[in-house]
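Structures given as structure tokens follow.
After this come two complexes, each holding chain A, first together with chain B and then together with chain C.
Up next is the complex of A and B:
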């Protein structure tokens, strides 16, 4: 029983981290209807930046967020202006191919410059734990969970309390209407994409401590994130949080009771089953194209 | 024109012959033979991908999985069965086809973006199974296949010729699909899936068949390739880079064309060889192919072949002469009604309701359309007329109410089943398939679903002749081979009418046939409607052009706030107080002046 509760506890904490990682992906889809297949690669890139900051300057990975978040924001903005904006009117499939191509290109660059070796950031606390009664909580996991809460809260405040956030939400719900009341859709799209990518700053820092990673890790990460987003409902941030917590627990249970090797397969199965049984996920709205004009 | 085709055929024949003979002429050049085998292989997979992504419009990033499935089927079977793996390769194709059906189920109910995601998940799931189910697949150690049974002097020859044959078979399949009713339906789905369903294309079955067609030969080729490699492992066989090269080959050559994927394969594989020569390590190859894919998506999204074709066409054709309609004496529409018509009306709508959030766009709407009538459905903007059309044709589901066509409940039916019962429709903003030619647009509709009907020739034969007759009838025969997007709005309305007639409908719903059309064209459309009506076709017409409605239609139904408020002959409707109120506001006629004149 203790083992089960311990597994669920760890699953929930990991789920919280997953929620942070998936939030940017679902935000971008919600506003722009773009499936950013490159999201995983940005996450790994941010983890690599965190790693370099820690290795060269000894900056704690949790503090590195202050640097990596603006850097990722800038990268997101440039990628949007330089690539995504060119195909705004093209069908969904073209944007998927473009972000997929981008992911592979960046993976290639990372492979050439940083080589295909596993890395992880190991600050002093990385293998320490807190103990509460019969349960334990690894310190980096708890810090990562805390980071997730902070970043998600910041995202929530940004979306609900600022003009830019309201513009993003209005563009997500009704682009034509937003345009009519003076929202510059293109600027909002660039901003959304940049904010979505900026979340990988915090995400990458947590990832770099919790997991060993190398350039090709991004496939596993994008699969996890797509599973979460599909389960929660594409475009819904609350949905992503619920999906992340559920899948965090499901993965932990699979690893604990079946085999560590099948952990990530949970996400692939969830994607296929959800799309088969309930394509709009738990909290997603029906897409307009499914309703028909 | 003819000589150009002859030259092209000759060139293709010569190239094919040279490729067949190559291993006989250069038996010792095993390197080039290997490269060509890889080109053929990529060509086969890319041609398959083209069926689902190019024809049908559903992009897959997991096409390489079918190759791996075929390879693994042969690899695993070869451990238990002692026959040449060549004979096992077709089993690989069957397994790939069966798995393709399962994958296809995920797009029965959802669209593009969902399919892309499910193909990524599918590829990784299959790879994970290959890696983790060690007892069955050998895990990361892979599977070693028996060496070929023939003598060493024959080299790669059997693999080479079999792979070439599979490529030829793939091309034949792709060419054949493109010219059947099945292919026309796939293109219709790519261009506008809802519209395709409305003209009788059973989209769910079509999509699954397309995936199966794209996977089968790929699976067979995978089996042959495994035997050629003599060793397979999950990382190599389910490498995402394979899927990238497939996508790139097809996009580069030309998505939706017959030869594009093969042309692309002849570029991509040599490029691959160069990247392997220049630098070791996966990084460089990923960078090169990722960058190439980005450039193609951004700057050459249509591919080489379509771009060249567009340039040539622009040079060859000038403006198309606008032709007056030729003197057609026979209306190419059969009289649809049986001699003893039953007493109930053709279309009955009762208590129909549809809400969007808090707004009831259609609210307890009831009316009937009599057999052989030209019934008009008018009403102010937002009164729910187009929503009624969408509910009747099945593009939307009603929240409540009943719809009967010829006494039969249809409100629970799928759009294509309603089309088979004789329900045709045109749209307010025309919805032709823009990239298809006018003729292809008109041959796309299906009057019923039969498996054999899928194989029927669409671009020649009786279907095409009927389509040409209908185009002649609406006066658009001269434009038969023009892409639909080039037509004016009025011309598109005429073609859409011909498209609806192809269904041999009993009832046609016309949504603003005269809206946005020049006055000369309006007369012609009215004339056509009258002629068709004289042949027994029933019409329900939404239209804002009141002189046209009053002249053409009887009876007239008036809708306001989601239901029919008045019904009757044109003269009666013109004087009806409720109608005046609906159009001009409740106060009109009772108050002395318009209340918001100053606003």
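Up next is the complex of A and C:
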């Protein structure tokens, strides 16, 4: 029983981290119908920024978010204006091609800048745990979970309590209507993309502490994140959270009780099953409204 | 970095990429018209040639294709450096057969198709006199077929998958000490040499499902189990596994005193981090290639936690092997720092070809391959010799982290440290 509870606990914690990593991806899809395959590469880029801040200035990776989030926001804005805006009216498949090309390009630039070597961010708590009775709670995982709660809460408040958030939601629910009442759809799109990329600030910080990473690490992540958003329902942030928690627990249980061999496969099996049985995912039926709700 | 580590890592990069693509294509559906999305295929084939004249006469041209871009670009770049150092040292020392050597290096962009085109071009258009191999089993398998068909000797620095030696090629030689199943032989010898009261009685064998890590661990497991060390845990996990806390806890529960992990890199760091978090410290810890990534490994698990970790490796900068000191100094002068293991392996492959050509006295490919099948050659890795399939017949070196750096602890003749740390000290944190 202890083993089961411990496994579920670890699964929930990692699931929270997965939710953080997937939130920007699903936000961008929900509002813009863009499958941003480069989301993983932005996470790794943010992790590399975190690494630099930690190595050069000794800034704790969790505090570094204060710097990396606006930086990633700016990068997202520029990328949208310079690149993504050009395919606004093109079919979804174009966004996959474009962002895949973008991912490969950024990976190449990261390889040249930081070399193809593994980086690790190892603040004092990276290999420590809290021990509670028979259970252990890895500190970096717990802090990562906390980061996820903070970022997702901030995202929620942004979308529901600010004018910009309402503009984003209205643009996703009814673009024509939003335009009629004076919402600048193009500015909203840029804002949404930038906010989606800004979430990689927190995600990259957590990633950098939990794992050794290098430029090509993003392939591992984008595959998983797509599994999460497909399960939750493309475009639904609450769906992504539920999907991430479910998949975190499913992965941990599979590793613990079936075989580590199938742990990673869970993500891909889920994509197939969801597409076959419920193509809109768990919470995708009210897809547009769910973007912010 | 080890052949196993680099190659495994590169393959690991490729697999998620394909899976990601697959997932994306599923999402997009059939409407998507793109068919050229694979990053591994990007990058044009470009040629670079280098000439360092000193000796007399027409240069001997040696054709090589390397993955200078794409998935294997990091080890491919290191291999190029190793080859270039050999080229300049050889020309400074009077060349080969009194003639200068000139390397013709093409970029295969880590693509199996391009590597085949490259070697065909080197042989038929560039009229090279000799060939040297590329990096990784993935690329060496098709490339060695081209060489074999053209009856040209093909010494390759990095491709130890048993598959390479299944086709009975006569012109293929792998210029490292051992194929994957024999990498840990010296570690087994050391474990079994321990007095009864110090020898671990139980062992756990987690391994990545990797063509270089897994055979090492399977062979190691069989040898230790036969010797009476009880196998209390084994598992195989896929390359992009990131979650090691559950595996670590299961190993702790198994009570294993020895852990031997088939670890490429992140998985090696990941499992050790999890061990630290749950407070589990095995008496003996062996990992296949993760610990050979010196700085990256120390950074990943904390330098103070490396003490006592074992691994198998083909080369070390301090061993007293032929030309090793010269190689290390020339590398430092040219590129700065200590060469990567991949650079040393490439240098050794060139040494093998050089030794055979000099022994034969001309460029007769059949005589060169016959010589290599019959003789051992001294290299920076130590002596190498081959069976009739071109598979090497030696042993990898056994290395151990001691005092923040990697030392060779066996075999005795090339050891850089006379002590072996045992049992492994507690984690530092």
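One rule holds in what follows: the second predicted complex is superposed on the first by the 280 of 293 C-alpha atoms of A that agree within 3 Å, B and C clash if a C-alpha of one lies under 4 Å from a C-alpha of the other, contacts with A are read in each partner's own complex, and residues count from 1 in each chain.
Just so we're on the same page, contacts are C-beta pairs under 8 Å (C-beta built on N, C-alpha and C of every residue); 3 or more make two chains touch, one makes a residue touch a chain.
All values derive from a computational prediction rather than experimental measurement.
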Next item on the list: Identify whether chain B and chain C fit side by side or clash on chain A in the overlaid structures.
Entry: clash
Next item on the list: Report for A:90: first if it touches chain B alone, second if chain C alone, otherwise both or neither.
Entry: first
Note to self: Just checking: does A:6 make contact with chain B only, chain C only, both, or neither of them? Give me first, second, both or neither.
What the structure shows: second
Margin query: Applying the document's definition of touch, where does A:162 land relative to chain B and chain C: first, second, both, or neither?
Written below: neither
Margin query: Is A:136 touching anything from chain B or chain C once the two structures are fitted on A? First, second, both or neither.
Written below: second
Notebook entry, point to check: Thinking of the overlay built on chain A, is A:227 touched by chain B (first), by chain C (second), by both, or by neither?
Noted result: both
Check: So, A:35: does it touch chain B (first), chain C (second), both, or neither?
Finding: both
Check: Does chain B (first) or chain C (second) touch A:112, or do both, or does neither?
Finding: first
Margin query: Just checking: does A:104 make contact with chain B only, chain C only, both, or neither of them? Give me first, second, both or neither.
Written below: both
Checklist line | chain B versus chain C as contact partner of A:255, first or second or both or neither | finding: second
Margin query: For the superposed three-chain arrangement, which chain B stretch in 3-11, 57-65, 381-389 or 561-569 runs into chain C?
Written below: 57-65
Note to self: From the superposed pair, tell me which chain A residues show up as contacts to chain B and also as contacts to chain C.
What the structure shows: 35, 37, 91-93, 96-97, 100-101, 104, 107, 111, 116, 219, 222-223, 226-227, 230, 234, 259, 261, 264-265, 268, 271-272, 275
Next item on the list: Could you pull out which chain C residues touch chain A in their complex?
Entry: 13, 16-17, 19-20, 22-24, 26-29, 31-34, 37, 39, 42, 71, 73-74, 206, 209, 235-238, 240-243, 245-247, 249-250, 253, 265-266, 269-270, 273-274, 276-279, 293, 295-296, 299-302, 305, 427, 429
Notebook entry, point to check: In the complex formed with chain A, which residues of chain B make contact?
Noted result: 53, 57-59, 61, 105-106, 109-114, 116-118, 120-122, 124-125, 128-129, 131-132, 194, 240-241, 244, 247, 251, 281-291, 293-294, 297-298, 301, 390, 395-396
Notebook entry, point to check: Of all residues in chain A, which touch chain B in the complex?
Noted result: 33, 35, 37, 83, 86-87, 90-94, 96-98, 100-112, 116, 215, 219, 222-223, 226-227, 230, 234, 259, 261-262, 264-265, 267-269, 271-272, 275-276, 279, 287, 289-293
Check: Given the complex with chain C, which residues does chain A contribute to the contact?
Finding: 3, 6-7, 10, 14, 35, 37, 91-93, 96-97, 100-101, 104, 107, 111, 115-120, 122, 124, 126-129, 136, 138-139, 141, 210-213, 216-217, 219-220, 222-223, 226-227, 230, 234, 251-252, 255-256, 259-261, 263-265, 268, 271-272, 275
